[in-house]
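Following are the structures in question.
Next come two complexes, and both contain chain A; in the first it sits with chain B, in the second with chain C.
Moving on to the complex of A and B:
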């Protein structure tokens, strides 16, 4: 391998990472997306949240599908919104799933009849041919990373989602533990993986889930994260959106 | 899983343990780094320094592996430090806010001498 080739590979790998940012910026919200609680927010990783830190790994084996890990990840990046369930909509920017881009998320969380709406988003932290990762902003239900990847396991391509995250504040921790938030999260990622497998002609594969509590402590020093809580802020903003709609204020804010 | 492409070496300097990391830090490096961390933690060592001078590449899963090492260090009341990071990876540590919990130093001497 020449020095030039090595340098090119190193540059390509470095470009897989998002550029440093202090605050997230959403320049143009995709049509239909509610853009709240993302613009101007800082990022929060697994160390900055409140609740127990969990590593959850969801895997599906694409047994019998003639598809490479790179093909799977390329399809995943291009079709992420359509793979999500109706109660967790992702809105990539026009640029798509690329390092540094922001994906807006409009979801409904359990906890009350009809669910609680939440407008949030994530930053594409990392993306290469075999994986992409997103990182959460202040106010998001979780604080941490989600990595979507595919790899070869003895000739079978395996698609995987791995989250390393904790609830961002005490309200979310309560919701994850006692109001069905944790179960909803598992259902969402199972939906994504079975949908992904279905695209490659695999209809009966089971999603394997492995959960490890990496840190069972609550970080009480982070309890004040609740001031950014995106569910509370989205709910409080509902009357404003209703008035805007009533007086023809255009697309939802 | 991706193939592991990492070697580690643990040595003792001024009462601290230094883990020399050569190769790639990704999901496949979990086992090697975990074993090195265990070795570095022997005899009640309270400061563990990761030497990234030989780091060839780190992806987002590698950052996750470092988070799990950090949690183990916090549980053991140990300090986890790093030196030898390129400017690019210093930026990645800042972006992922890992630098708020892992001390970043310019040299091994600084990393092991700080109380």
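Moving on to the complex of A and C:
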């Protein structure tokens, strides 16, 4: 391989990363998406949150499917919203899953009858032919990265979701541990992977889950992250949205 | 591993109380075992700090960043200061956007890093 070819590959792969931003910007919310707690927010990684840092890996083997890792990731990017369960809706921008784009998320978290609504989002931090990663903003339930990828394992394509994240604040940590938030998170990613496998004709594959606690300490210095808590802010904003709907006040907040 | 680039390798050496992990090749999912082994070797005997030398690293993808987060988390837990050297301008930006830079000093090269610590 020539130096020029290698340089071109390096440039292409460098383009897989989002450009640096201080704050997230959401110019136009997709139809049906509630745009709260994202625009103007800073990014928060696995080291900035409050709770225990967990790496959770979810894998499904597409045994028997004649599909390459690149095909799987291309389908995944194009169909991410339809692969999500009803209580965790993703709204990509019109540009789709590309580095630097923001995906809005409208979800319902467990903890009270009917669930607690949360409007949040993620930045597409990285995207290439074999993987894409998203990073969370301030106020999101988790602080960290999720990477969606596919790879070849001895002739079988494996689809994988790997999260490296901790609860963003003490309220979320309590919710993940004691109110079913952690179980809901696992159910969501199992739903996504089984739906993805189903698209490729695999109906009976099991999702393998591996969980590793990377850091079991609570970062009490980050307890004040609760001021950005998207669930609290979404709940407090509900009366405002109701009044706007009542008086026909334009686009959703 | 990304085509056109070399396989990830990591070696450990020590200088003036600093454990240096010198890396080369592509940092992606295939780098996990070599990086974790290098970290284990680097911390097998006492050190004042850990230096990650990225000078010969060709490429880092998002899984590679996650591996670095894992090393950083372990180092923080062990109260072991971590510095980096040899990151290109592009990856210095990536370390900023991913907020890794909040927790480590970034130096242009190893000699500058060693002189500064």
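Methods note: the second predicted complex is superposed on the first by the 253 of 253 C-alpha atoms of A that agree within 3 Å, B and C clash if a C-alpha of one lies under 4 Å from a C-alpha of the other, contacts with A are read in each partner's own complex, and residues count from 1 in each chain.
Basically, a contact is a pair of C-beta atoms (placed from the backbone, for glycine too) under 8 Å apart; a residue touches a chain by one contact, two chains touch by 3 or more.
Worth saying up front: this structure is predicted, and the values here are computed from it rather than measured.
In the superposition on chain A, A:55 contacts both chain B and chain C. Applying the stated contact rule after C-alpha superposition, one finds that A:153 touches chain B and leaves chain C untouched. When the two structures are aligned on the shared chain, A:68 is found in touch with neither chain B nor chain C. Of the two partner chains, chain B and chain C are each touched by A:164. Of the two partner chains placed by superposition, chain B and chain C are both touched by A:47. Shared contact residues on chain A (touching chain B in one structure, chain C in the other): 10, 13-14, 16-21, 43-48, 53, 55, 125-126, 128, 131, 133, 135, 145, 147, 149, 151, 162, 164, 214-215. Contact residues of chain A toward chain C in the complex are 1, 5-6, 9-10, 13-14, 16-21, 43-48, 53, 55, 125-126, 128, 131-133, 135, 145, 147, 149, 151, 162, 164, 214-215, 217.
Interface residues of chain B facing chain A in the complex, by the touch rule stated above, are 1-2, 57, 59-61, 63-64, 67-68, 70-71, 74-75, 88, 91-92, 94-98, 100-101. Chain C contributes residues 2-5, 29, 58-59, 61-63, 65-66, 69-70, 72-74, 76-77, 90, 93-94, 96-100, 102-103 to its touches with chain A in the complex. Looking at the complex, you find that chain A touches chain B at residues 10, 13-14, 16-21, 43-48, 53, 55, 125-126, 128, 130-131, 133, 135, 145, 147, 149, 151, 153, 162, 164, 214-215.
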